[in-house]
Amino acid sequence: MNIHEFQAKDILRAEGVPIPPGEVATSAEQVEAIAKKIGGMVVVKAQVHTGGRGKAGGVKLAKTPAEAKEIASKILGMQINGLTVHQVLVTAAADIATEAYVGIILDRKSRAPVFMVSPAGGIDIEEVAEKTPEKIMKLPIDTRYGLTSYQANELGFFLFDDVKKVRAVSKIMMALYSAFMKHDASLAEINPLVVTPAGEILALDAKFSVDDNALDRHPEIVQLRDETAEEPSEVDARNANLTFIKLDGNVGCVVNGAGLAMATMDLVKYYGGEPANFLDIGGSSNPEKVVNALRIITGDPSVKVILFNIFGGITRTDDVANGIVTATKANPLKIPIVIRLTGTNEEIAMKILTDNGFSASSDMDEAVQKAVALAKGGKAA
Amino acid sequence: MSIFIDSSTTVIVQGITGRDGGFHSKQMLEYGTKIVGGVTPGKGGQKFEDKVPVFNTVHDAVAATGANTSVIYVPPMFAADAMMEAADAGIKFIVCITEGVPVLDMTKVYPFVKEKGARLLGPNCPGLITPGESKVGIIPGRICTPGSIGVVSRSGTLTYEVVYQLTRAGMGQSTCVGIGGDPINGTNFIDCLAAFEKDPKTKAVAMMGEIGGTDEQEAAEFVQKHMKKPVVGFIAGQTAPPGRRMGHAGAIISGSAGTAAEKIEAFERAGMGVAKRPMDFVELLRARM
Amino acid sequence: MNIHEFQAKDILRAEGVPIPPGEVATSAEQVEAIAKKIGGMVVVKAQVHTGGRGKAGGVKLAKTPAEAKEIASKILGMQINGLTVHQVLVTAAADIATEAYVGIILDRKSRAPVFMVSPAGGIDIEEVAEKTPEKIMKLPIDTRYGLTSYQANELGFFLFDDVKKVRAVSKIMMALYSAFMKHDASLAEINPLVVTPAGEILALDAKFSVDDNALDRHPEIVQLRDETAEEPSEVDARNANLTFIKLDGNVGCVVNGAGLAMATMDLVKYYGGEPANFLDIGGSSNPEKVVNALRIITGDPSVKVILFNIFGGITRTDDVANGIVTATKANPLKIPIVIRLTGTNEEIAMKILTDNGFSASSDMDEAVQKAVALAKGGKAA
Amino acid sequence: MSIFIDSSTTVIVQGITGRDGGFHSKQMLEYGTKIVGGVTPGKGGQKFEDKVPVFNTVHDAVAATGANTSVIYVPPMFAADAMMEAADAGIKFIVCITEGVPVLDMTKVYPFVKEKGARLLGPNCPGLITPGESKVGIIPGRICTPGSIGVVSRSGTLTYEVVYQLTRAGMGQSTCVGIGGDPINGTNFIDCLAAFEKDPKTKAVAMMGEIGGTDEQEAAEFVQKHMKKPVVGFIAGQTAPPGRRMGHAGAIISGSAGTAAEKIEAFERAGMGVAKRPMDFVELLRARM
C-alpha cells in the first residue's frame, strides 16, 4: 500500500529525520494560510500516488503566500497520470548545495531489506543504477541484527567525506530503518536528501510503501489510506476481498489463482485480444465473491465480454456456477459470457449452468479463443 | 523415487483443527499421506477424525510421533511462529501453505530454519505431491498420476492446469512442487531443479515461473550449467503492467526488472523449451524426451 | 545492580504484568494512609537488597490500616542481614490458589538469557532445582529472534494445563522478557506468580537486577539506586571508580586486576590471615585512585594492615608509588603498610618509596606473609 | 609453532587513535607485531606514528591491507559493533580488549561472529602473546620468553604474575592467552586447550581459572578425555563471598554454583596438577614434564 508524501514525511519525522516544516491542504485558501505561517519561500506539491509529479507541473515554488494560493488553485484538480489532485503539501523551501539518495527496498534475492544510497540524488534512482552503477552502494541488512552502526557508517562514507556529515546521515539511516521495520514497509525512500549551503542535512521528498500482507497489524497505516487517490473499481474490489487491477482492454477476466489469472490474460493477448483486468477470486468458493466480481467487471463500460476461467481445487466449481446464476438473475447481463470450469464438482457445475441457460467448456484454450472472438464482435459458439 | 516426499514421509499438521487445516488433512489422509499427528494449542489429547492425535506443541508432537515433515495451515500473523516452532522441534521439511505472511517476518524465519538444518517450502504455496505416494498441501490428487515429469511452479491453479494436461496426455509426474508466489520463500527453483536432476525417476522438468524478481533467470543459468535433463519453462504475466502487484506478493515488476520478456529470453539463452501457452508443455516435453 | 521489589514491580507493571496495587512508604503514618487507600487486607514488605525477608519478620499481613501502621513501625528501622530497613512496600493482599515461579537469568553456558519456570513457586528456586529438578523447565532464548510465541506457549504448558491460563502466562512471560531486554537485566524473576481462586494470574513478588556493564545506557535504572540500602564504603568506592567489596577480615588489600586481587585475598587466607576487602584499582595508573583506595580502606577500623600488590603492565608502578606517598603525606597512616610492586617502571617506583621512608618487595608471596604476620600483631620485617 | 598468532599474523587496530589504542599499538609495534593498519572513522588517510595507515572502516582496512587479525580498543558501548564490523569485513581472528561490554550485547555478537566463521578472543581480556613472534593486546612483552609452556587464563595481571615466575624459572612460553573475565566470551578454555594439545611446540599447559560458571569444570573434563599433555590449574576467588561480583562480570558465585572448591575438585578428578598459590606453577609443571 502506498501512502502520500506528507504521510511518509510524518512517519519519518516521528523517527527523527530532519524534514522542513509543512502542512497538507485541500483548498487554495488553506494553502495561502499555511504559506503565511511557514514564512518565506514555499513549495506546493501535488499529493498523488504516481511518479513524475514535477514534470507534470504538480510541484511549484512560490515566493509569497499569494503566489502559493495562485499556484495551488492550478494544481488542485489537475490530472496527473490519470489521477486527480485532491491535496497539496505546502512546505518550506530549502537551499540546496548537494543532493543524495537514501532508500531501503525489500530485496528478494538477498531475502532482506537492502539499503541503497547514492551521492547522485534528486533524479530517478533507476536511471542512476543503469547509467552510473558505481554511484550506488547496496547493502543488505540482516534483520536479526538490525542496521548496525558500522553499516550506517560505511553507507555514510559512501555519500560524504566529512565525518560530521557521515554521522548526521548515519542517524537519518537509523531512523529510516527504524520506520521501515516498525511499519512493515516494502519501500522507504528519501530523494533528495539534501545538504544545504550551511551544511544542514534535510529530507526534501519521501516515499513509503507498506507490505499489503502486513496491513492487518498496522491499523495506523490502514487509516492513512486515501481512497480518492485510487481507481474506484479497485477500491470496490478490495472492499469485497477481491484482488483486482483495472487494465485498458475489453475482455473481463474472472479467474481463481494469481498465476492462472495472469496466464489467462496472457492467453487473451496471445489470441489477439486485450484483457480488461486482472481478477483473482482466490481459493474460497464463496458465491458472494462471484457476484461482486461480476458487478465490478460489468461496471466498466469498455468490457465487451466476460471470461470465467476456474480450475477447481479448493474452489468448488459448483459454488462458482451458483454464483454466476445468482448474480445474473438479479442483474441480467448485457454482454456475452464465456465460462470455462474444470476440477472439483465439475459435473454438478455444468448441470447448474446448462439448467440455467449457460453453456460452459472445460478447455481453457477454447474458452479464451471464444471470448476474444466475441470481444471483437464475433458470435458466441 | 521422487523429490522431498515419498510413501515413507511422516507428517504433522499445524492448525489441524482449523477450517482449512481440517479440510485438507482429510484430503491428505484420503490420498494416503501418513499424517501421524496434529498441533493446536489447547487441544492436546484430542483426536482428529477419531484417529490422528492432537498435541499442544510441535515439540510434543515430534516427541510422540517422530514425524519428519510438517504442513502449516495457520492464519498469516501466526505463520512465522509456526515455521520456527517446527524447525526448532526438529522437523526437517516444513511446508507452509498460509497465504499473506508479512514479508519482513520471512527475513527472520528463513535464517532460523536454515540454522536448524531444515528445508522450508513456501509460504503461500500449494505444497507438493508425489503421485501415488504422498501429498503434503492442497494440490488436488485426482489430477496427478505417477510418471517421470518433474513439475515446479510459483503458482497454484496454473500448476493444476499444466499437470491436468500432462495427465490427460498420459505423461505422469515424479513430483509436483509449488514453491509459492511470495518474494521471500524457503525453497526456490534451483533447489527443485537440482533435486530433479538427481532423482532417477524424473526424466524431464516442467517449470512455471512468473513476473517479478530474477529467480527464473538464475534457474535458467542453473539449467544451462548443471542439468542434463530437458527443462521446459513458462512465464505468466506477459501482459502485467509495471509496478502493480498481480495477486502474489512476489509478482510485481519493479522498473525494468522482473519482466516476462527478460525471463523468456533467459530460458531461450539457456536452451530450454519455452511454452508460450500452458497447453504447449505436453508437446514441448514430448519432443525432448 | 539490584533494585528494590517496588521498583522491579513498577518496571514490570509498565510492560503489562498484572500486579496488585501498592505504594512505597518511609513512615508508619504513610503506611496507614496507603492501607486505607488500598482497602481490605494489605501486606507490608521491607524493601532491602537481601533475601530471607519473610523469615526475618520483614513481611507481614495486616487486616486493618491501624494494624498496618503498627506492623510498619516495627519493620521500619529493623535490621535484616545487616541492612537497615528504610522503606516498606504496602500492597493489596491476594488470595492464592496455586503458586508458580517464572524467571530469566543470563546464562553463560548457553550464552543467552534463559527462562526458568516451575509450577512449584513461592519457595527458593535453587531448592526446587536441587530437590525436584523435574519441576523446572529451562529454555534459552536466542536474542536475535527474541522470545517467540511458541516458546512462551511451551513454557506456559509446563505450568498449566488450561489453555486460558497458558495464554495469560505467555503474555506475562513476553512482558518479562521485554523488560529484561529493554533494561539490560541480568536477572528478572517473579516468585510467586499466583493463580487466585477466581483464576486470575498475579505477580506477588519480583526481583530485577541490571548488568553493571550496561548502566551507562540506562539512566532510568541508575536513578533507582538507593545508596541507603548499601554498605557506605562500597558507595564511596563506586563513586571513586574503584571496584570494592567489604569483607570481614583485617588485611586491607589494594591490587590491580580482579584475578590478581582474588588471588591475593586467597593467599592472605592461605597464610592464615583474613582479607578485609576486595579492591581492584583497575588498569589505569591514576594516583588519585590510590589516594581514594587508601582513604576507604583506612576508614574501616577493623583493618590492621594494608597490603599493596601491584603487577605493572598498563599500570605504571611509579604512579602507584607516587599515590602512596601523596596520600600518606596528607593523612599519615596509623597502621603498617606492606608494599609489593613489580613490572613497568619498577626501579623508579622503588626509589620513590625508599626515598619517602617506605620499604617494598617485588615478591608477592613474601609480601603477603609479612602482611598476615603484621595483622596478627607481629612485626614488619 | 604456537597457537592463534605467530610472526606472520597481520593486525589492524580498531580505535588506533584513541588513548589506550594508541599506547598499546606503539607497544605492539615495538614488540614486532605486524600492525598493517588502524581504523578510526573520520581519520581515514592519516598515518599512525608516521607509518601505519588509518582507515574509516574495517572493510576499507582489510581491502587495502589484507589483514587477518584485528584488535579492538574502543569504548564499551561501541565494542559490540566493532567486533561485528571486524567479522563482517572478513577478519578471521578478533581480539577485544575492551572491558565493560554489556553482556546482552554479546548474546548477539557471539552468533554473528560464529556465522562469519571468525574466532573471537574476549572481550575484557588482555589478548595474547607468542613470545618472540607477535603480541596482540596488552600483555607486557618483557615478562615473557619463548618456550614450551602454554598459558591460558581468565585474568590479566594474575597471568602476568604466573608468566613472570615461569620466565624467572627459565620456563618459556609457547603462547599466553587471556580469555577474559566476562560471562559470555568468544574463546574459552577448551578452545585453547585443544589448540595447545595440537601445537607441537607446547609441552605443558598452565591454566588460571576463577570463580563463577562451570567453564573450568568443563575444561577439566576435556583435559581428562582429550589431552595427553600435562595441565596444571589454579582457581582464584576461594575467599569470595557468594552473590558478589568480584570485579570481573563473570566472577560471581550464584547459589552453590561456580565456587572455587568445586572447580578445584574437578581439576583433581581430572588428574590435573592443582596450584594452591600462583607461585606453585613452576614446581608442579616441572614435575610433570
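We just call them A, B, C and D in the order they show up, numbering each chain from 1.
The definition used in the following text is that contacts are C-beta pairs under 8 Å (C-beta built on N, C-alpha and C of every residue); 3 or more make two chains touch, one makes a residue touch a chain.
None of these values were measured; they are calculated from a predicted model.
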{"item": "Between B-C and C-D, the pair with more C-beta contacts", "value": "C-D"}
{"item": "Chain B-chain D separation of Cα centroids, rounded to whole Å", "value": "49"}
{"item": "Where chain C and chain D are represented by their mean Cα positions, the distance between them in whole Å", "value": "28"}
{"item": "Distance from chain D to chain A - Cα centre to Cα centre, in angstrom", "value": "55"}
{"item": "Multi-chain contact residues (two or more partners), chain B", "value": "108"}
{"item": "Two or more partner chains touched - positions in chain C", "value": "144-145"}
{"item": "Touch-based graph of the chains, sorted into line, ring, star, complete or other", "value": "other"}
{"item": "Chains that touch, pairwise", "value": "A-B, A-C, A-D, B-C, C-D"}
{"item": "Chain C residues within the chain B interface of the complex", "value": "145, 148-151, 153-154, 157, 163, 166"}
{"item": "Complex contacts: residues of chain B adjacent to chain C", "value": "41-42, 44, 56-59, 78, 81-82, 84-85, 88, 108, 112"}
{"item": "Parts of chain C lying in touch with chain D, wherever the complex brings them together", "value": "105-106, 108-109, 111-113, 126, 130, 142-144, 181, 184, 186, 211-214, 216-217, 243, 245, 247, 255-263, 265-270, 275, 278, 280, 283, 311-315, 342-344, 364-365"}
{"item": "Chain C partner contacts - residues on chain D that touch it in the complex", "value": "20, 23-24, 76-77, 99-104, 106-108, 110-111, 126, 138-140, 143, 153-161, 164, 181, 183-184, 208, 210-215, 234, 236-241, 244-251, 254-256, 260, 276-279"}
{"item": "Partner chain C, residues of chain A touching it in the complex", "value": "144-145"}
